[in-house]
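Read through the structure below, which is laid out as structure tokens, and then see the notes.
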Amino acid sequence: MNAIVKETFKRRTRDEMAACVARDIPEGAYVNLGIGLPTLVANHLPKGREVFLHSENGILGMGPAPAKGEEDWDLINAGKQPVTLLTGGAYFHHADSFAMMRGGHLDICVLGAFQVAANGDLANWHTGAPDAIPAVGGAMDLAVGAKRTFVMMEHQTKAGESKIVAQCSYPLTGVACVRRVYTDLATIDITAAGLKVLDMAEGLTLAELQHITGVPLQAA
Amino acid sequence: MIDKIVASVADALADVQDGSTILMGGFGGAGMPSELIDGLIEQGAKDLVIVNNNAGNGETGLAALLKTGHVRKIICSFPRQADSHIFDGLYRAGKLELELVPQGNLAERIRAAGAGIGGFFTPTGYGTDLAKGKETREINGRMYVLESPIHGDVALVKAEKGDRWGNLTYRKAARNFGPIMASAAKCAIAQVYETVELGALDPENIVTPGIFVKRVVRVGRAAAQLKVAA
Amino acid sequence: MNAIVKETFKRRTRDEMAACVARDIPEGAYVNLGIGLPTLVANHLPKGREVFLHSENGILGMGPAPAKGEEDWDLINAGKQPVTLLTGGAYFHHADSFAMMRGGHLDICVLGAFQVAANGDLANWHTGAPDAIPAVGGAMDLAVGAKRTFVMMEHQTKAGESKIVAQCSYPLTGVACVRRVYTDLATIDITAAGLKVLDMAEGLTLAELQHITGVPLQAA
Amino acid sequence: MIDKIVASVADALADVQDGSTILMGGFGGAGMPSELIDGLIEQGAKDLVIVNNNAGNGETGLAALLKTGHVRKIICSFPRQADSHIFDGLYRAGKLELELVPQGNLAERIRAAGAGIGGFFTPTGYGTDLAKGKETREINGRMYVLESPIHGDVALVKAEKGDRWGNLTYRKAARNFGPIMASAAKCAIAQVYETVELGALDPENIVTPGIFVKRVVRVGRAAAQLKVAA
């Protein structure tokens, strides 16, 4: 890995990754986008496609950020940034909001991750560092509650290690919950029969992707 | 564009399968989805399990459905009423299975299904015949019974207004089981008296957000009110 | 009992029993009145006293029956009779309504009964007759959910047997849940130290009441 | 006549005891009952357990309360934030106990307390460090963790409007934990921007019925909004 001198393929940008996720969200889907990278997905949903964004703090039908100066601090998203409400949206309290997540009513949630294991285990809430202050928020609820949990992350750490691993070394968020991973290198389905590569970054071969990735891959 | 409003009761119910568990709103007549029940009778699905607070009154609504013989089992809190003779007859003849559930357990078990809860401990029913054979536990000096969620394949709900996203409001005490039943079924179908434009319902006052609702069908008010009062 | 030829005391009427209960409901109390006899209590609450009546089917601040012709069949009580809503009342769904009952938020519920045992066991939902069709409604939730459960019943069966018993012979509604019993003969508190007679029908002596009642009584 | 509206924040908080568990509404700044928190600091109750989604931001509100040293323990889902330095310092110094709870479990545990549930099985957290030592169970092929209710002595809630019976409405996503916290505390205190006549709130749209609320106190909107935005 560290030996690669020059990449012959073109890594997907964060926006390209978001576009890949957005492409797979059908009209009418109820979707929760986790804080961080996944929030970019909202920018790539086609204008005409009605998708219902859920925010854990009691919003369904969440709209884009308000214009500068129009912020309403009673209307924020999970990342505590000001948002808007679409026509047809609704407010509700926290137990009802998490009932939507935990009761299997969301079609898709998209989460960031530190690591994803080949069996779908997810680690995204805690580095496990002894001096780190933990914070979990709604990650564990989303991971196991949505009908399908997608992960969106860089394929490798800054040190070049694969974040798709045989077994997570970081503390788990959920067990065997991830269905699909979108990275800057590929889109990979996690199935009972193993990891299946749905698509790859331009110029990347399956052999190269396998070389970079920590666990066995198959063509889809 | 998402439009959950369907043209007719028949369209709304077309895919109800034999053997389905149907969560049916209503407390007596208030909130009873009479048109959807009539539609279900017409649709003809058999071997049904019905979850409702009661077991039908007089000859209409749920009572009429029971009369078809298409209901295998009913889960309810209060079957016996002055005019529950259709249920009474079928039950006494051994043609209808009854699971009697304290009303609060019924509501909480439905709510649990919608909220993804696998089971919960409640003090209601402890030490009574209705908790016989159920797991019990002492928690902080009080005795509790373990109860399980009641999931539905279909929910039939009577609401007041609905929009194309499936957002619903109710009217007075006709709300009763509607919101929790909508949340606990794979396919919630709401009959409403008024379909409104998106945005016509105040986002602060939507009682059932559209995420819980698959189909909305408008029915006439006059006919329904007559039936409720009957 | 059967040997009593003429009663030298004056049994309380149903309205007098209801008045006894109403007297003990303080201003501001949240109260659920069970179907049957207990519904009479509402008629005896003093006009100026604000008491919040709860109905299991999703009403708080329930008012009296509407005028003839003003019935609204979307606004009924637990007995399915038309009622009204007081100014300041509210509607909510069934799980929220029973959360009020089961979460200990009602100060008082008043229930009818077939039998009450000396330890507070309540039997009021089923005679146990093999051909009877059972119906429980919200009785079991109310019995154990309210802060204080009162029972209002005739002291004796038609055959003259005491309905206050050492042990219920009918199926139980709740275990050790009744705090006070109002009958046509007396008001009796159920305490850890035994049954205490708070008041008696006019002309009745404690000795007579004890003779009629199935279990030991004490003066309060 | 029942009148739950009290004259001042100080009156509303006068009887808060040392050692109390305080359920505190808010998700970040939205729904944070800033005036009641300031009042609690002034009131001086010590040895508190605070239940809130977060652990304070900047130097105001919950962060300011933490700074007094009067908080023994905090139960929350998301303490670490860009501006949670007061919490961070106390926690690192071992001066503040932390019970970290997945946000949905936090909400459901509070709701369970209000609804009289003794415990419930949830899939959230199964197989993670946050379920360590907790009872687990397989139900219909899925693994669940047993979670217990979180009861409060006091709830501090920010609502929008309130009346003398304690009925409350909220504003937008400031609703968040308010309704469930009000239901789960022995004494729920609501700060509102507007006190209204009985009947001014539509009975269909009351979010927290007065049964859950002991006291209502009006605060000025301008001051609060500034704090929320800070």
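First chain written, first letter: the chains are A, B, C and D, and each begins at residue 1.
The rule is simple: contacts are C-beta pairs under 8 Å (C-beta built on N, C-alpha and C of every residue); 3 or more make two chains touch, one makes a residue touch a chain.
Being a predicted model, the structure only gives us computed values, none of them experimental.
Undergrad: Enumerate, in label order, the chains that touch chain C and chain D alike.
TA: B
Undergrad: With contacts counted as defined, which of the two, B-C or A-B, has more C-beta pairs across the interface?
TA: By number of C-beta pairs in contact, B-C is the larger.
Undergrad: Measuring between mean CA coordinates, which chain is farthest from chain A?
TA: The chain lying farthest from chain A is C.
Undergrad: Where the centres are mean C-alpha positions, what is the separation of chain A from chain C, in Å?
TA: 56
Undergrad: Chain B to chain D: how many Å between their CA centres?
TA: Distance between chain centres: 33 Å.
Undergrad: How big is the gap, in whole Å, between where the Cα atoms of chain B centre and where those of chain C centre?
TA: Computed value for the inter-centroid distance: 29 Å.
Undergrad: Can you check how far apart chain A and chain B are, centre to centre, with Cα atoms defining each centre and the answer in Å?
TA: So the centroids are 36 Å from each other.
Undergrad: Using the touch definition from the top, which residues of chain D touch two or more other chains?
TA: Answer for chain D, listing residues that touch two or more other chains: 108, 111, 115-117, 122-123, 170-172, 203-204.
Undergrad: Hunt down the residues of chain C that sit against at least two other chains at once, touch-wise.
TA: 85, 91-92, 95, 98, 101-102, 145
Undergrad: Touching pairs of chains, all of them, please.
TA: The complete list of chain pairs in contact reads A-B, A-D, B-C, B-D, C-D.
Undergrad: State the interface residues of chain B toward chain D in the complex, per the touch definition above.
TA: Counting only chain B, the residues touching chain D are 108, 112, 115-123, 137, 139-140, 142, 144, 148, 169-172, 202-205.
Undergrad: Which residues of chain A touch chain D in their complex?
TA: Interface residues on the chain A side: 55-59, 71-76, 80, 85, 91-95, 97-98, 101-102, 126, 131-141, 144-145, 171-175.
Undergrad: Note which residues of chain C are touching chain D in the complex, please.
TA: 27-28, 30, 48, 50, 52, 54, 60-61, 85, 87-92, 95, 98-106, 145
Undergrad: Using the touch rule from the top, collect the residues of chain B that touch chain C in their complex.
TA: Contact set of chain B toward chain C: 27-31, 77-81, 84, 87-88, 91-92, 100-105, 107-108, 110-111, 122-130, 143, 170-180, 207, 225, 228-229.
Undergrad: State the interface residues of chain D toward chain C in the complex, per the touch definition above.
TA: 1-2, 111, 113-117, 163-165, 167, 183-184, 198-199, 201, 203-204, 206, 209-212
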